[in-house]
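Look at the two complexes coming up: chain A is in both, with chain B in one and chain C in the other.
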Partner chain A sequence: MTFTKTFVASAALSLAAGATFADGHMANEMTIVSWGGAYSASQLNAYHTPYAAKTGVTILNDDSSSTAVARLRAMNEANNITWDVVDVEAGPAMQLCDEGLAMVIDPDTMLAPAPDGTSAADDFGDMLVSECFIPQIVYSTTFGYRTDLVGSTAPTSVCDVFDTVAYPGKRSLFSVPINTMEWALLCDGVAKADIYDVLETPEGQDQALAKLDTIKDDVIWVSSGADTPQLLADGEVVMGATYNGRLFALIEEQKQPVAMIWDGQVMDLDGWIIPTGLSPERQARALDYIMFATDTQRLADQAKWISYGPARASSAPLVGKHADLGIDMGPHMPTAPENLERAFLMNYSFWADYRDDLDAKFQTWLAK
Partner chain B sequence: MTVSTKTDQILSADGMPLKKSLGRALRHQKRRALMLVAPLLIFIFVAFIMPIVSMLFRSVENDIVVNTLPQTVMALQSWNAETEELPDEDVYAAFAADIKLAAETKTHTKVGLRLNYEQAGIASLFKKTARKVKKWDIESDGPFKEKFIGVHKNWGKIEIWRTLKVHSSRYTSGYFLNAIDMRKTAGGPKAQPEDKQILLLLFQRTIIMSLVITGSCILLGYPVAWLLANVPLRKANLLLILVLLPFWTSLLVRTSAWKVMLQQQGVINDLLVQLGMVSDGARLVMINNQTGTIVAMTHILLPFMILPMYSVMQTIPPTYLRAAKSLGATDWTAFWRVYFPQSVPGIGAGSILVFILAIGYYITPEIVGGTKGVFISNRIAYSILKSLNWGLGAALATILLVAVLILYWAYDKMVGIDNVKLGG
Partner chain C sequence: MSALTVISRKPLSFVLSSMAILGALAGLLVGMGLKFAILGLIFGAVLSVGLSFVAICLLDNEKRSRWGLLAFWLVLGFFFFGLAGGLVGILWGWFFGWFVFWLFEGRYRARLHPYLTSRQVLWHFTFRVICGAIFTYLITPILVVMPLSFNAQDFFTFTPEMLQFDPAGYSLKHYRDFFNNNEWQRSFKNSLIIAPISTIISVSLGTLAAIGLSQRHVPFKRLIMALLISPMIVPLIISATGMFFFYATVGNFLENSLGVDKNFVGYIKVILAHSVLGIPFVIITVTATLVGFDNSLTQAAANMGADPVTTFFRVQMPLILPGVISGGLFAFITSFDEVVVIMFVGSASQKTLPWQMFIGLREQISPTILAVATILVVLSIMLLTTLELLRRRSEKLRGLSPA
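Showing the complex of A and B:
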């Protein structure tokens, strides 16, 4: 009993004292949850392996990010949190934060400043969309097309997706309202800045669906990021939406006759959260990992293995060449200047409010 | 002479009446048997039944609103939600006190998320409001009505207060109403707007497609089972391995293989085009629709139909057929009047198995079903995993469970459950 008390007291003390004293009381094992596949591999190379080498910690990987929100809620109700650090997108991170399932992060004390001394809060800037969320990468959902199936003039605009006369054939879209409805409004003449105001109104929602009606018969609706690359490779579709990293792999690694549109790319963030309710020594370990894995160099390193842009401003100049292919990764980042100017920023708080409502409408529309 | 009074009873060796003694021994045995199965029963109860019941219970549970905003709910009781007048100052004051307290314990976002399922926009409204209310002094800063409307114009809208009042009870029928495309309103249950009515359609589609899948499993499985039961044992074992082979490959691999087969640039279409049966411009659409779901699921569930049929057919003596024929029956009559009736218990068992598995299928329709071939389970998965609306997910799951039980009961009434055999 006394042992436990001293232990808890000293752990609390070390937490209060900050990371400098925490070292002696950190767990030796941690479970990191991510998406699996090439993405987890890039994290393994850029973060896990150097961190394990530095600290001797055993890192267990769990590829459960796609169901992380529901499972964290269940774990929290069962009072048995088995995850230490969880990789989620910004939207779900906000949801976890609102439900009290993710701990609040203070960027000044818990995240590393940039090498030139800029504070983490300024270095991440607008990317810190939720107080619980530590951004890692910027990814985007954008279109790829088959260079051999689109005729002589290649598509250059996201609105070419809606042009079935110039570009006949099937196109693939995610069967969710997010991104799809924004593109529909954008291509129906709504200004970028007004899209979410329009989408808030029932008339605006009908307008988006009416625009989608014009291509409904030409769309293959997909549910996962792996679908569109496969459909493009098989020649099932002439163009389709997926994550830019998937298209990069299809074009540069698998050498398929596919090119990217980039126009109208919708940028989203992916990053870490730390669950609430961890024991002090596990929490200290998770925080120590986060401090290490989200510093300027580490974020830039990840881009060697996958074409997602680092979320820190100070990491961008450090992005180098792909580890295996040797190509310059800079132009393949969604955050590269020429890609960025055609980008579209997702409005998280809009989707937090309207996702359920619009999803019901969207699915009803799809089923018709 | 007192001994002879109970001559009508047979006594056991220790002088007890035999009936009582036997009964005791039997009870003892029963207790021992029960103790033997007790670990399993307790395990099933704790690890299976309790979690399911607690999950299903969420379909009516709704205490988060009244627990987080107790004073507001109390104050709203005197407000008539069907009038066109906003609640008065008491309600706003009570709400200010509640939301300030909730903001301090960070529970305001949870209640916001809960009510957002009923009316889009409430989640961010609660967040914005709580940020402001945190700075207010509840004792001296009133009146609050104007202040709230100043924070956000929606606090001056009746709809918000109606939603709050309607969904404030500790237990609610709201989730079940949502599950059947209706919603709870101040004036009683009403139909959802037409552009949001999807769930009943999905229920209907799930049932119809499961029936079609069961039917095609019977048609395809019956001859296979018959063959298995009637070829020599060594060949039958080989065939049985072929039937079981799909069980040993991953479900995802099998489903994806169907994609390769059925898609427009896929194996079957290529073959048909090469044979000249289909023109290149008119390749068949066989996937990402109902056909895809039916084909892939029939294939996946086929072993569940064949195995019970096979084990029943194995027990039908071939002599019966020979006897029928020797008595002058044609092949068809012998089959239809003698063999088939005896194989019905196998069909029954296989059908129940396949139908119940099909009705809850989720991953295969998700992959090959496109938008017209998805089931209600896909919606349950969305509610549980994505939107975190566990109440709606639980309500949908409960309805599905009850539907299966009703069908099971109907089957028992029509065919008789004693008629179902999995073997022997």
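Showing the complex of A and C:
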């Protein structure tokens, strides 16, 4: 009978353990969805920890932002929304807003004004691209290169990526049309202002793909922001595209022989949405969190841990030094004046309309 | 057997041509690493033949030759690739010297039957090389992650410092990260809660189902069996989607109508979902054990006045226990490794280790994953060793083993 006793005892024990564990949790808990890695860590330091200290709310991280749209749709179908606040890019936020999966947030009543009294709507200004979306940061997708593998003249222009004669070796690009096709047209002689007009036409799309054909054999296609830093650290690519914060970490924190090409950086916004269908109590808590986490000081604080520019105009002067490295963070922001002048602002509404078509076309081209 | 075979020296032409092939292969391998494949192939063959010739004909003393070869490869490796190269050089030099004289003295025949043809001898050793290659192929991916988990940098890369065995290239920081990072600790704890409980449920239900299905009077046995095993056959992503909607409804009912705590409901959902995935493994292993079970034993027990429950626990269970335990192990591993269903059914508070590893791999290629993998490999080796030792001990106690 020893087996029976052991069996019953262990079953009882584990059930009891489960029950005590579950009892230990307070109801005062919220799930915040974000991107993971250094980005979630910066949010933890700048927003979650002070908010938990202030209110006593326990914050759970779910690093699922890359699948946010699909997951929110499914949760909505099942009528079981387990997320309270979700961090997404501007494009998906617009999509969620259109589908009624994200709630409308009024900047004047639901967000904190700037310290000088400027209303939140004016403080965020053009960054409020959707009525459901509260931007946090401006980030950019840009290129980094191995300083020891590019010869004596360092690349300075995004078009050097397309120059396999001057810079032989592999380069990594995201396997999506966004950014990649814009860069191809830019380097094929299309003026910045005309790029989206050209990309609307089938001839323009073919032109972009034809330009990409010239380097296709030298490209390693990647799908996540973590891939290019790994490839650069390995020396498997001489240059590659990823988010500027990843490159900052690679260069300044990991001390790799890598430098950035800010030229042609494509800027995008990342921020919060609140799912629709939360209970009034959870919605109130989510709104309270958003009000706290998007005020001027908090947005400026996040830049202490990651090199993304705060979305509020009033936060910019408050951006200080890196919390651990003591580096002045201002020049590392995509919004720093010398970086901004060579930037390229993505056209959200173009991609909202053409994303599905171009994705299909691009994937067919990739498979050829 | 060995005493039967008389070994004799082999002709130089045979030894040198074999060594040329070996050298060419080794040279090709090194050459590919340095991007001079053909050059490496030719150079390797020439160097290997030359060294073998010197070792056999000029030095003419096995001990001296083998030490000489060892020293030669050590210096060569050290000169070109530093400390790590030196170490590889020692290993390779030892093997090289051993192999030359193994061929030359004809020792390879020593343990074989004397009547084997040379073709059979060749196959005998080719077979072993193939087995070794398969073993290497299976085990290398697991071994590679272990040194990488001690990387001082945040990448999946063997840094130059690591290859030179510089202590600065190694660190325990990824292990520290695992033990200090809240997210990792929480997911580890969740795995330790979810996997054992769902294993217990799978084992109980699976064993009962297997015993029921082994009864002669059960109708539609095959259909029921197929249904019960289907979670193993249906693609996981399909089960996960179905479970997501099913358990969402169950969860909503428990939360809203019965007022059960949200987190507790989350655990119940995940544990039930994982039990479903584990049940087929238990059914299969227990059914297999039941094939050898003699049903007259239960009849005998009943004859002596034991009720069915007592019969089950005192007669049947001890005999099918090996099947139950191995089924339980599979069920445990299924839950412990599972990443698809948990991402659908669970919410952030039920995040398990595989989930955390998956996210870590996708969003941040961090060697903490490798540290966790190493810890898990060591833990599972310990677990399996313990189980095997216990099994042997109980077999010995029960007198089942001839030892």
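To be clear about the criterion, the second predicted complex is superposed on the first by the 341 of 368 C-alpha atoms of A that agree within 3 Å, B and C clash if a C-alpha of one lies under 4 Å from a C-alpha of the other, contacts with A are read in each partner's own complex, and residues count from 1 in each chain.
In the analysis below, a contact is a pair of C-beta atoms (placed from the backbone, for glycine too) under 8 Å apart; a residue touches a chain by one contact, two chains touch by 3 or more.
No experiment lies behind these values; they were computed from the predicted model shown.
Novice: Does the superposition put A:D234 against chain B (first), chain C (second), both, or neither?
Specialist: The answer is both, since A:D234 touches chain B and chain C.
Novice: For A:A70 in the superposed arrangement: first (chain B), second (chain C), both or neither?
Specialist: First partner only, chain B.
Novice: Taking the superposition as given, does A:W262 touch the first partner, chain B, the second, chain C, both, or neither?
Specialist: neither
Novice: Quick one: classify A:D62 as touching chain B (first), chain C (second), both or neither.
Specialist: second
Novice: With the two structures laid over each other on chain A, which partner does A:F124 touch: chain B (first), chain C (second), both, or neither?
Specialist: In the superposed model, A:F124 contacts neither chain B nor chain C.
Novice: Kindly classify A:G36 by the partners it touches after superposition: chain B alone (first), chain C alone (second), both, or neither?
Specialist: Once the two structures are laid over each other on A, A:G36 reaches chain C alone.
Novice: Give the label of whichever partner, chain B or chain C, reaches more residues of chain A.
Specialist: Between chain B and chain C, C touches the greater number of residues in chain A.
Novice: Which of the two partners, first being chain B and second being chain C, lies in contact with A:S175: first, second, both, or neither?
Specialist: first
Novice: So, A:F162: does it touch chain B (first), chain C (second), both, or neither?
Specialist: In the superposed model, A:F162 contacts neither chain B nor chain C.
Novice: Given the touch rule stated above, what does A:D353 touch, chain B (first), chain C (second), both, or neither?
Specialist: Touch partner of A:D353: chain B, not chain C.
Novice: Do chain B and chain C touch any of the same residues on chain A, and if so, which?
Specialist: 66, 234
Novice: Could you please specify the touching residues of chain B with respect to chain A in the complex?
Specialist: 106-107, 109-110, 112-113, 116-117, 120-124, 127, 195-198, 201-202, 263-266, 288, 366-367, 370-372, 379, 382, 384-389
Novice: Sort out for me which residues of chain A touch chain C in the complex.
Specialist: Touch list, chain A to chain C: 1, 3-4, 7, 10-11, 14-15, 17-19, 21-23, 25, 27, 29, 31, 33, 35-38, 60-64, 66, 74-75, 77-80, 82-83, 224-227, 229-230, 233-234, 253-254.
Novice: Quick check on the complex: what are the chain A residues that touch chain B?
Specialist: 66-67, 69-70, 73, 95, 97-100, 170, 175, 200, 220-221, 223, 234-236, 349, 352-361, 363-367
Novice: Which bits of chain C are touching chain A when the two form their complex?
Specialist: Residues in contact with chain A: 153-157, 183, 193, 196-197, 200, 204, 244-245, 248-249, 251-252, 261-264, 266-267, 271, 313-314, 317-318, 321, 343-344, 347-349, 351, 359-360, 362-366.
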